[in-house]
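Here come two complexes built around chain A, the first alongside chain B, the second alongside chain C.
Presenting the complex of A and B:
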């Protein structure tokens, strides 16, 4: 009944292509993320030495370097260093003391940024992978008064140590390591530069070799090997090699963590300390925290982590004699705690963050200078669901005591939390930066109702009636709270002040994301600033990346398919609880009579299989040619409702769409031939419905493809030819049953068609357009019944944006080289133009930079006009789209007060006028003229 | 005149030579009922980039209760991997008009097959119809290209080249002059 009304309304309205100005920043949300910060590349630093204000700098696991304001958690600046992140790459971030410069190293590139605004000062490419990066703090006689120089060490065939000029990045000197040893780290004291190498002995053990270099010329002045006996089997038990401290050290342990061995670089003596387990379990991990300044005291802290507790020891180094001695212990505390080092002048402070306390000690004595309770009832740190992974701290000292301490703590839930004297200031959901797959799910209230209604529908009438009565009795119990909340709802509704929490329009879906490090994270689209729940779904070994797909299985339930467990696992989207698969009602509506065909991609071949008595049988195969590789396979979405089976033309005739639920778009490339082939397949029979081949394609540029309804789209970058320059192109194809109006071709009046028995071939119209930028990923909006026109969502990687291209603009039936006829105009077609410029109104992100988006997912809301959009990759961006204007919802500009005032005024007028009219009428009857 | 004739003769000779020299390939197409253990030879097709002919055709033996038959060909260097489609067993029945589609890639080599089968017009009229198979070649289309606008042509001075030269007064109004002259003549004649 509602369908024709909807359709009529849509026809009456011109599609609105942008959100209203007052809707931007309210219907959409954006997390400008950096990624999970690493302990070694995160620190507080003052960009302006004359001011005391400092920023938190980090180079994350996702390869983003950036600065965060510790006051509010806002990003001051950030750069995505390389988009093709490799988990094995080591990364470095260093800041010179009292300097407006920070230097990052990732892969084979060293980049210097201005610390205050993030402008790139210089870049330097090392010949091979970078092994270490340090800032040379020493003041040599000739001195560089400005920027401090950078030392970098690279691996590869010819490992080298280079000194780069701090202002320009020019190589000042280069020392080649010819001994064949593995370069490990570079370190500098006030007078010398040390290159630490690992020398592999005949027996397979490692010996640490130290080469001393002259900091001015880079010449080798000394070389010695530490007698590390036979305890160093791998480089993993080397704890730390200090750099830039007053007295840099090398510390390592044996693999069983029995002894700690320390060498002050430059001295040949090794000091041994037995590791005291304090009567508990032996440590599983030992880390070393030392100040990073040549001017600070040569003290350091060794942090021991066992399975259930943490403790630490503080050591002092006598700089003159090189003697190392233990100063004091920090007590064992159950549960995980993290340590961080901060300096103030020469003094060194260690801050310990546990799940309920923050305390600070000076390096000189174990007396606690400041202690604060973590006072937050809502933080995942205090409620025990998360533990601190690592922290960086900044202390402010007044006299003898520590007046304040700020700690940026990374929690195991993936949130980055700032504690100021124990009270949380802000959290950043950095775990979302590692999202590899995400899906929309209904919140529990909605899904519960759906389940109950389903139960009533599928049971016998009597029990369904009883169930319904009990449900209504349960609902009555909620009535008092509903009534008390009613006035507030009215007030909110009138003044438009925020939502009342109810979600009648279905906008507040839950988005469940799987991250590459094995977490499942849920975000409520209604309250996107907080993480709803977060849990470690799988345990991964280090360096392993979770290959996973999340999809909606049933209302309120998500299905997680990964390469670890053979069967999919199910989770409740509202709580994160795992669900057995017997509790999940299957949502697949495959009738039992039909042959069920699965199609899979295996060894570069596409298979269609079907279950039969003799196991699984190959039904069809689509093997690729030699040298052909699959770029992408896009099936038509499972939930892809289409309101109309035809296109209504201007003369009221109908062009029938080829609507086959079993379509898939396959894009392949040929290695070394710069060629791309596109196939549209029927996934039941394996027949090719459409295919074409493009030559002269730049295969290094992204190629995106999508399929929806009866149309597909793909984009690529074409190389220059003799007639055309290099450019990005978008191809749109649409499949029809026939190209004659009011004619279904061979299908005629058939209502059911078998993909196997029927021989109908769709007729395909295609059109190509030039686009200003390459598209890295495509998606299509989805609405509840498919009445609303669609938008093609395109991720623009170069301008960090997402555009929604209206379907009408890329219609393949736009008339070419002529003006549209009256009928075509009535249909909304306009003349073909070879170039589609992205209208500024199409940009969903407005002014914001949405960095590193890898995919966009869409979901219908309860309102037909609205499609929910969620983009992930590095940044997280979500919005609501109304491709055909919000025709079923009152906008914010609707004045409810004015409407009610008019009604009230009319009511009053009626009451006042009614007696007068009545009297006049009576008088008219009785008076004779 | 003579040069162009010679050229065209040469070109047409070259073209016919090219078509003649096109390698003719053959492919064995198999039919494989879903329940059968082994595929059976269906037809042998000889094809080049434009045309194909059926060399042999054998009516497949399909069990009566079989629903699905796979039609495909084996990869040239393998006896287990194949490319093919699934189709309804009724499509291979003798009373159907069957057209086997040979899908060729840009090198002119078969990469997939298709089958179109329709109720035979002859058979439906009750006439006798010999069982057979037609074959057609479906070459790979080249991808759609952008329809560019007409380029703007500038002359040596960098200005828009003049369109058509203006017609002279005589070219434009010759008919008016003609009518005038005819009128004059007629009027003069009538006066006399």
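Presenting the complex of A and C:
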């Protein structure tokens, strides 16, 4: 009688392992990031030429092209162009004036997007790496009306310049550069196309060579070399090669930044300007800002940066004669400032953003047209912790004056900030897009109480009592403020409008992330919209990537292990302050055992070593076969509590789990073969507990694996064979001490077991499922005691999603080819099906798209039912999961109003019925039948 | 001009060596009345032999274009944020040794089945194939909470049983009193019924209930209960009977 009810309850519970509609956008948080925008690939552009509304377009360092609404900072659309993130690849993003198209170039691919919604127009693959990309603004009557053509230049064995049709992406003409010079840039004026090449002289210097091409046929019409004597040692001191301006220029300096040399492309003359340091230090960096429109004035700005100050000069070009002359100076200002160019019709405006002011000047005169103070007390720009790196601006002009200016400023802290007339409108934490490692840290306020309670538990009764009384006296002092806050708290709790900031459930963990550019960034899971703190932990040389791992060391403290410092460094998770090594209490609960075995991957080999006085001794080595290489090694998590050592079956018997803290899953592959081997190892003895081999595996597809408790899971993409289908597969295995219930096998009599002494082999059950798409990373939920059932978290890179697969669905004990028996039904097992379809209700991110997730980390909350989840990589996504429902907390489904109404109704009913009952009882006594 | 011709020839050569597949998403109400509403992240993936994977983003005209596909057997999957699509199998084979043409076939396929187990043919062509694929349904991400529903509450068997018993308790005495008018019961039957009720188990139960209800607390405390419980009980029972 009981069993069917039990089974029915389990079946009823199963669909509830999902995202609830009323929790969907409140419990979880998401930063849809683009990555750090680059100066050269970021601009304001109007997707619809007839409307005045513009969007900010960018192609970031992380290879994401996208559009951001300048009003609220929301992402309109975005695409991850390549996931390889090769820092050496140059990337390009161009938009034609008054065009509904954005053309991006990255790696060897040119893609045109619809500017409004991000749909792809066309794609074109260049033969080799892309060197430059430009929109050809000229109207020669041969281009398709409405869509402007694209010029692209590629490097490699046969450098070429191609003209692509703006509507279809078809190559109109191609010019091969046979001279053996290095292609550098492509540029266009209203009548000609220029290919700029770098010619290496015998002495190792560089000369700039310009080839003029006919824009209609692509044939060479002219060629000349600039007499840039011996001052160009590398291409790095070439400041800019203008494109599409009324009069494109080439500007370069000598390596000591003494002279600025400018050539108007098409003219052979070079104009020299000595660099005026204005009595300060020589510049360290010189950049050039010029408008990108053929219709605008041929004016440009040269920005000088010295160590401590910035200044700029504005130059005018006479288009007819090609004469360049300096118009005016912009004064030197201490501290970093950034310049940006904007156009309005033919007029050109330069906007300067300093740490406390925004100015706009016209290119024609130095008179300031608009000046605004940056008025934000909380911004990291004004408090001096961050400086502007670069900016893009849009000005709106009324008559002669500038009425408003919007600047999207990238700060050195990695925040992207929009200033509208100096007041911050929004910030985007783009720094988080470069996260390489992250860890949860319990905030110290919570851990303080835990520490105090532990102190009471572990001291003698008298001192514990004194401690407790003093603690309570301290608490009483907080009572008045607590009482005054009580009504508000009550109202909030009753209406469910918001939290009171306290974190009794441990949901507001701090997540500390390390980014590849050397920053540490902390986010509070309770207030995920803003960054808690951010600091530059290390100084990296350009192009260097920080190889770092962050882990939780003690409550409120994180440990950072990197390849720069030999010893780990410690940081306070709440404040970001560095902590000395000695202040960190050892958190390792592991007692010092006689033999400690470490296992490491070294030179592609897996070793187990023991530490002794004479150094490290190899205890075991994993014997790889010839041609076998290690793909990945997944150890069991250090913090992986297990509540029960066995599984209770439907008939109340127990199946004992094989629980070994020293488990690791090793995936290997064979050179030249599409074959993958999976081993489950005992990392102390090096014994292989389980192994399997799969053939016809797509090694280009991700192979994800995870290990928790006594079970493991891995996934791969397989090619079809005569027996196996083509597609993505998920294998789940579970280790048992024995497969007979109420029997512990060989371990039965033992009270203590050493992995080194005994060789107990677990019995493994596995099942394979066909899944609809490949899993790029796997993780398992964690709870405080491990009582709550677990969920397998799988990152789906193609769907931009993370799914939580309930453990019951992938239980390897699901009966195959038969219906489950009553006992199995009582356990919640149902018949094996070869296909698992990812139910959309399992998507933790529900309707959001979580792009570029590299890893998912989980952490227990104080409540047993809840596991905290944080995913990072490009986007940042976090949520709370209740794999077995929130059994220890009232959820949103608990209707407080209904409860009160029920109590009230019962009270009313009692008052109404009481006299009736009384009358009836009296009547009963006095009535005679 | 020569260059232009060369480029054209190059393009032509490419077209010969590889087949082109175009997949369009037509308006298919009620699931997808307007394909222009599909998000730009929608994309199609062709998975070939190990290591071969082609990705095509959704274009402005609601199509996915795979411009050059080598001969292989591919698994086609379309990923979209809000819509679900079925998997398909795409085969590209050399038509004949002499001609440089390629056959393109696209079938339905089923997960968890052998690769040779093909579904109905969706389209076939030579070198260039254009097929229409419709979404199979919308993705439903959200679980709705079972809220309080009065009708559903009243429909539950426990509540129904409770209601029936309430009706019996309150309705029966009324029914009995007015039975002559309502049921046209003759007085003899009624009397018989009443007798039966008096002597039946309910009567005894009610007398037990009465004894609890008329519990003499003062008597109990004054020590009557321990010694003279045997006497007290019939007295209470008798009192109960008398009252009735």
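Side notes on the structure shown:
Note that in this section the second predicted complex is superposed on the first by the 830 of 929 C-alpha atoms of A that agree within 3 Å, B and C clash if a C-alpha of one lies under 4 Å from a C-alpha of the other, contacts with A are read in each partner's own complex, and residues count from 1 in each chain.
Here is the rule we go by: a contact is a pair of C-beta atoms (placed from the backbone, for glycine too) under 8 Å apart; a residue touches a chain by one contact, two chains touch by 3 or more.
These numbers come from a predicted model, not from an experiment.
Superposition note: with chain A as the common reference, chain B and chain C can be accommodated side by side. Once the two structures are superposed, chain B and chain C can be ranked by residues of chain A touched, with C on top. In the superposed model, A:544 makes contact with neither chain B nor chain C. In the superposition on chain A, contact of A:632 is made with neither chain B nor chain C.
Look at A:121: by the touch rule set out above, it reaches chain C but stays clear of chain B.
With both structures placed on the common chain, the touch criterion links A:834 to chain B and to chain C.
Legend: residue contacts after superposition of the two complexes on their common chain; A:693 is shown touching chain B, with no touch to chain C. When the two structures are aligned on the shared chain, A:619 is found in touch with chain B, with no touch to chain C. In the superposition on chain A, contact of A:357 is made with neither chain B nor chain C.
In the superposed pair of complexes, A:770 makes contact with chain B and with chain C alike. Taking all C-alpha atoms of chain B against all those of chain C in the superposed arrangement, the shortest distance found is 7 Å. Put simply, chain A uses residues 724, 770, 834 to touch chain B in one complex and chain C in the other.
Chain B contributes residues 34-35, 67-68, 70, 72, 75, 81-88, 90-91, 103, 105-106, 109, 111-112, 114-118, 140-149 to its touches with chain A in the complex.
Chain A contributes residues 595, 605, 608, 610, 612, 614, 617-623, 625, 675-678, 684-688, 691-695, 724, 729, 731, 733, 746, 754, 756-757, 759, 761, 766-770, 816-817, 832, 834 to its touches with chain B in the complex. In the complex of the two chains, the chain A residues touching chain C come out as 15-16, 18-22, 24, 77, 79, 113-114, 117-123, 170-175, 217-219, 674, 696-701, 717, 719-720, 722-727, 770, 772-773, 798-800, 833-835, 837, 840-841, 843, 846-847, 849, 892-893, 895, 898, 921, 924-925, 928-929. Across the complex, chain A is touched by residues 1, 3-4, 6-7, 11, 39-41, 43, 45, 47, 49-51, 53, 57-60, 73, 75, 77, 79, 81-82, 84, 87, 111-116, 139-148, 213, 243-244 of chain C.
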